[in-house]
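Note sheet for the following structure.
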Amino acid sequence: MSGLWTPRRGGLIALASVIAVLPLFLQNAFHYDVAILIGLNAIVCVGLNLLIGYAGQISLGHAGFFALGAYASAILTGEHDWPPLAALLGGALGVGLLSFVIARPILKLKGHYLAMGTLGMGIIISIVLNQEVELTGGPDGMPVPSFVLFGWKPAGELTWYALVGGLLLATVWLALNLIDSPVGRALRAVHGSETAAEVMGIDTTRYKVQVFVVSAVLASLSGSLFAHYAGFISPAEGEFFRSIELVTMVVLGGMASTFGAVVGAAILTLVPQLLAAFHDYEMLLFGAVLMGMMIFLRKGLVPSLAQLLRERRK
Amino acid sequence: MLAEFLQFLFSGVTVGAIYALVGLGFSIIFNSSRVINFAQGEFVMIGGMATVFLMGGGLPMPLAILLAIVIATAVGIALERFAVEPARGASVVTLIIITIGASIFLRGAAQVIWDRNFHSMPPFTGDRPIEIAGATILPQGLWVLGCTLLIVVGLRVFFRHSLTGKAMLAASYNPLAAQLAGIDTRRLLLISFALASGLGATAGILIAPIALTYANVGVMLGLKGFSAAIVGGLGNPMGAIAGGLVVGIAEAMTAGYLSSAYKDAVAFVIILAVLFFLPNGLFGRPGGEAP
Amino acid sequence: MIKRSIRVLRKTATVAAAVAAVVVGAVGFGLGGVQAAEPIKIGTFLAVTGPASFLGDPELKTLEMYVEQVNAAGGVLGRPLELVSYDAQHDAKKAVTFVKRLVEQDKVDLIVGGSTTGTTMAVIKLVEEAGVPFISLAGAGVIVDPVKKWVFKTPHTDRVAVDKIFQDMKARGLTKVGLFAGSGGFDKSCHKNALELAPGKGMTIVADESHGKGDTDMTAQLTKIKNAPGVQTLLYCGFGAPTSIVAKNYKQLGMTIPHYQTHGSASMKFIQGADGAAEGVRLPAAALLVVDQLADSHPQKQVAGAYKTAYESRYNDSISTFGGHAYDGLFIAVEAIKRAGSADKEKVRAEIEKTNNFGEAIGSCSSRDGRLFRGLAAQGNRLKPTFCFLPHCGGGSRRGVRPGSGFRVAMDRPERGARGLVHPHPNLPPSRGKASCPSGDCPGLRPRPGGGAAVDPVTLRRLPLPRRRGNKFCRGGPCRAR
């Protein structure tokens, strides 16, 4: 053991400092709002990165889990008067079970077929949310009661910012621990070569299923929080394009880089805000920015920058 | 009863043929580059929109159609040259995201260059429905089926008998070996993008008189085309045709006999079921896996 | 080890700095240039792109055009108007963020916008807390029911449209409805209202079908409706390209039952897109769409005509009701600011609430009457529609796709005319307010030349609606304490 300064802890401390210092630059509720959305996206992305970056399994359906978590909170607190924390955990449990059940058959698929499988799953979830108007309010969405934690009600953007920031830190810590654990090593072996890993006696399916469930649960938790924070939820959160957006965040930040996932989430949440002023050209520019970043930083932002730094040092 | 069934079948086959053409584009590009081109649906949109606007500019229909296909093909070539080529060697997910970026870019461009409205296009020949055993089909539906058939036959001949076609098949099985045998795989990549974009545009033009056209028309068609290519087995062009028809007919039959609200969901359940039992699609060979 | 951790730390710090730079960049963004005469800022967030762009696109175009026009004429109270707009698509999350941006960063004086019910509902809490006057352009009644202090809306509710359609069906002896809906917000809301209203109206839904996003063929669903036992009429709830596809497939299948669509189809694009197959479809729509057919004495004739000319010549695009909603929203706001004598939020809000006899309205059901305007949805279920039928609308040969097809013919043959139930209403002179308006006698609407074959008898009733002002309720006349 090497004392206080493990790389892991260093990264965590850096992230914590950014979260702590950022409010100095945030001038109004809108800025906080963007920062909170970045945090919520980052939580999903850190989980998704475990699946994509470490286990090498793509998922084009994670927005479905996010939306399921959000709707679980919305329906359980709004219609059935559950305490928000119970609803949040209940939603996470439900999503965990669901993802566990579908993980085995879906993760049997490989490569693009897996992409199709997860995409189909996400689309089915999204269709259900749209069609069950009685339950979900249909495409127009439904309101969500405020979040209350043992009588404490986070009100105002700063409180939410602190809450989401804290959770993000916890998630990153969890992910970093997972990566350094035997599970993480097994996962990397699966990514490298599944056959080789199997020959080594690793139960690859079990590890893949575990990480799939973990990432789904994280998405669900983030979704629940988002629902309470926004106070309103619509099925747009579960659409296919949200899933693509999440994967893009992970890839843009840099696969197999937990901090990369956070950075990717930050950039892809910010860019649309920056482009919003271009109106008619917004979509066009967004597409161009996306293409450009992926062409020139094909390994993702954080690994590419790290490489650049290394080269310069040499 | 029979009439009802036939009607569902006609609906499914017409729509399925379009999915098949879009799926073909996915398959052809995948074969030569291992890239899933998520901008494939946008070629469908460009085909339809360009034709409508060229006709609005006073061009006669056949000329407008031809020009629209040329435009789409040019866009396809540009996509390969300026987006896919520079990222050669990047991971599969990176390439997928580049094509998604391209699809957003193209949709954005279409909204700026053309508009956000939906537009109709007159059918190629008449709009009097043809009745067959109590069910009806539009002449345009026959055009869709006829053209699809023609394209399938043409592609088969191309892949079996032309040097370029054979080279493309060879490169799809083993790019390195093909390169060693003196095949210019970069040129093949360009050809496959040109072919796929042309096919997409053709699909867009064929369907426009039935389903209208607008800047976002390619989103769902692209997704369904992808499903078709997957169900048929990636990298197998004829599989994509079968996959398209399976998806189209499954949708129509579900809407007809089960639940139209869950039509799309059931179609995806069928796709998932196919994949669970045949993890490489109906006619796929193993190795559709991302390298 | 320490070296490595420092490296990681440095790496992370670099990234963090980059992120911070971007954030700061974003912060700086939008603070923009300083203007000489301080403009009155009108914020808007619309579904300009995406599946609901049929709403947001004309709305934004209308707002842009008239803000320019108002500024060219010297602005409001000597100050120019500044339109701050964002594209929220149909996404509630984007709407929330953009409204925060409008309120907190752009510091707008009021908001006119929100194309869809979902995006509007998502931001209500926000505008109520921030205290910014907000005129929504979305349809559902829940937006103003219960009444919220800062929230208004211009369009009539989709419930009113469905109700009106059912009345017309009933009048024609059609009670067994085949219901068909898309999967968008508009479609679903209309579908839900149809299911809810049907029993009370003596209607039976004998078939209930829907189609997915981006579907290209609906013959399967229509075949089912066609073969549903006892079906007498088809009601399609939807908008955009599917409206035309449904009409085409209806024709392809040789269906003959009366075909109704909603105001989601109320634009010339539906007719052009259907390529002749829209013949005979009935739909409720704003008088704006048939402005050519209004009598010269009709109070809306001039305003709506001017709007149509301006919009169509500037954008080379046909008008829709939705642009009309935006027009009304903008001018209700402008008038309120003028009366308030400042852009003070509370004063403007009070003036918007007092809006009465807004004679300039072109797209809104009840905008002439402030009470209705606010009360329309506040009454929810018990709201009596204020439509009346126009002899014909929706059709018109004005811009037929191909000469000789479809609508030109329709105009010449009243019995097959493409008719519409046109609503709004009705700048009834106050004295006639409570009187009913029998067919063909809608004030200001020119009776159909050559007989009223296409006219259906409908009652036009103007309603005294309760409106809350402070803690008093007003019913028709002056307010009295409750």
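Letters A, B and C mark the chains in the order given here, with residues in each chain numbered from 1 onward.
Just so it is clear, a contact is a pair of C-beta atoms (placed from the backbone, for glycine too) under 8 Å apart; a residue touches a chain by one contact, two chains touch by 3 or more.
Note that this is a predicted model, so its numbers are computed, not measured.
Enquirer: Can you tell me, using the touch rule above, whether these chains form a line, ring, star, complete graph or other shape?
Expert: Per interface graph, the chains form a complete graph.
Enquirer: For the pairs B-C and A-C, output the one whose chains share more C-beta pairs in contact.
Expert: Of the two interfaces, B-C and A-C, more C-beta pairs touch across A-C.
Enquirer: Could you grab the centroid distance between subunit A and subunit B? Build each centroid from C-alpha atoms only and quote it in angstrom.
Expert: 31
Enquirer: Averaging only over C-alpha atoms, locate the centres of subunit A and subunit C and give their separation in whole Å.
Expert: About 36 Å separates the centre of subunit A from that of subunit C.
Enquirer: Which residue numbers or ranges of subunit A touch two or more of the other chains?
Expert: Only 127, 131, 282-283 qualify.
Enquirer: Could you tell me which residues belong to subunit B and also touch two or more other chains?
Expert: If we look for residues of subunit B contacting two or more partner chains, we find 111, 261, 264.
Enquirer: Where in subunit C do residues touch two or more other chains at once?
Expert: If we look for residues of subunit C contacting two or more partner chains, we find 48-49, 183, 210, 212.
Enquirer: Would you pull the subunit C residues touching subunit B in the complex into a rising list?
Expert: Residue list for subunit C touching subunit B: 48-51, 53-54, 57, 183, 209-217, 219-221, 223-224, 227, 240-241, 244-245, 248, 251-254, 269, 272-277, 317, 401-402.
Enquirer: Would you mind writing out the residues of subunit A in touch with subunit B in their complex?
Expert: Touch residues, subunit A against subunit B: 52, 58, 105-106, 108-113, 115-117, 119-121, 123-124, 127-128, 131, 240, 244, 247-248, 251-252, 255, 280-291, 294-295, 298-299.
Enquirer: Which part of subunit B faces subunit A closely enough to touch in the complex?
Expert: 30, 36, 83, 86-87, 90-94, 96-98, 100-109, 111-112, 223, 226-227, 230, 234, 261-262, 264-265, 268-269, 271-272, 275-276, 279-281, 288-290
Enquirer: What residues on subunit B touch subunit C, complex-wise?
Expert: The touching residues are 4, 7-8, 10-12, 14-15, 18, 111, 115-120, 122-123, 127, 129, 136-138, 207, 209-212, 214, 216-217, 219-221, 252-253, 255-256, 260-261, 263-264.
Enquirer: Considering only the defined contacts, which subunit A positions touch subunit C in the complex?
Expert: Answer in residue numbers: 2, 5-7, 9-11, 13-15, 17-18, 21-22, 25-31, 33-35, 37, 127, 130-131, 133, 138-141, 143, 226, 230-234, 236-237, 259, 263, 266-267, 270, 272-274, 276-277, 279, 282-283, 301-302, 305-306, 309.
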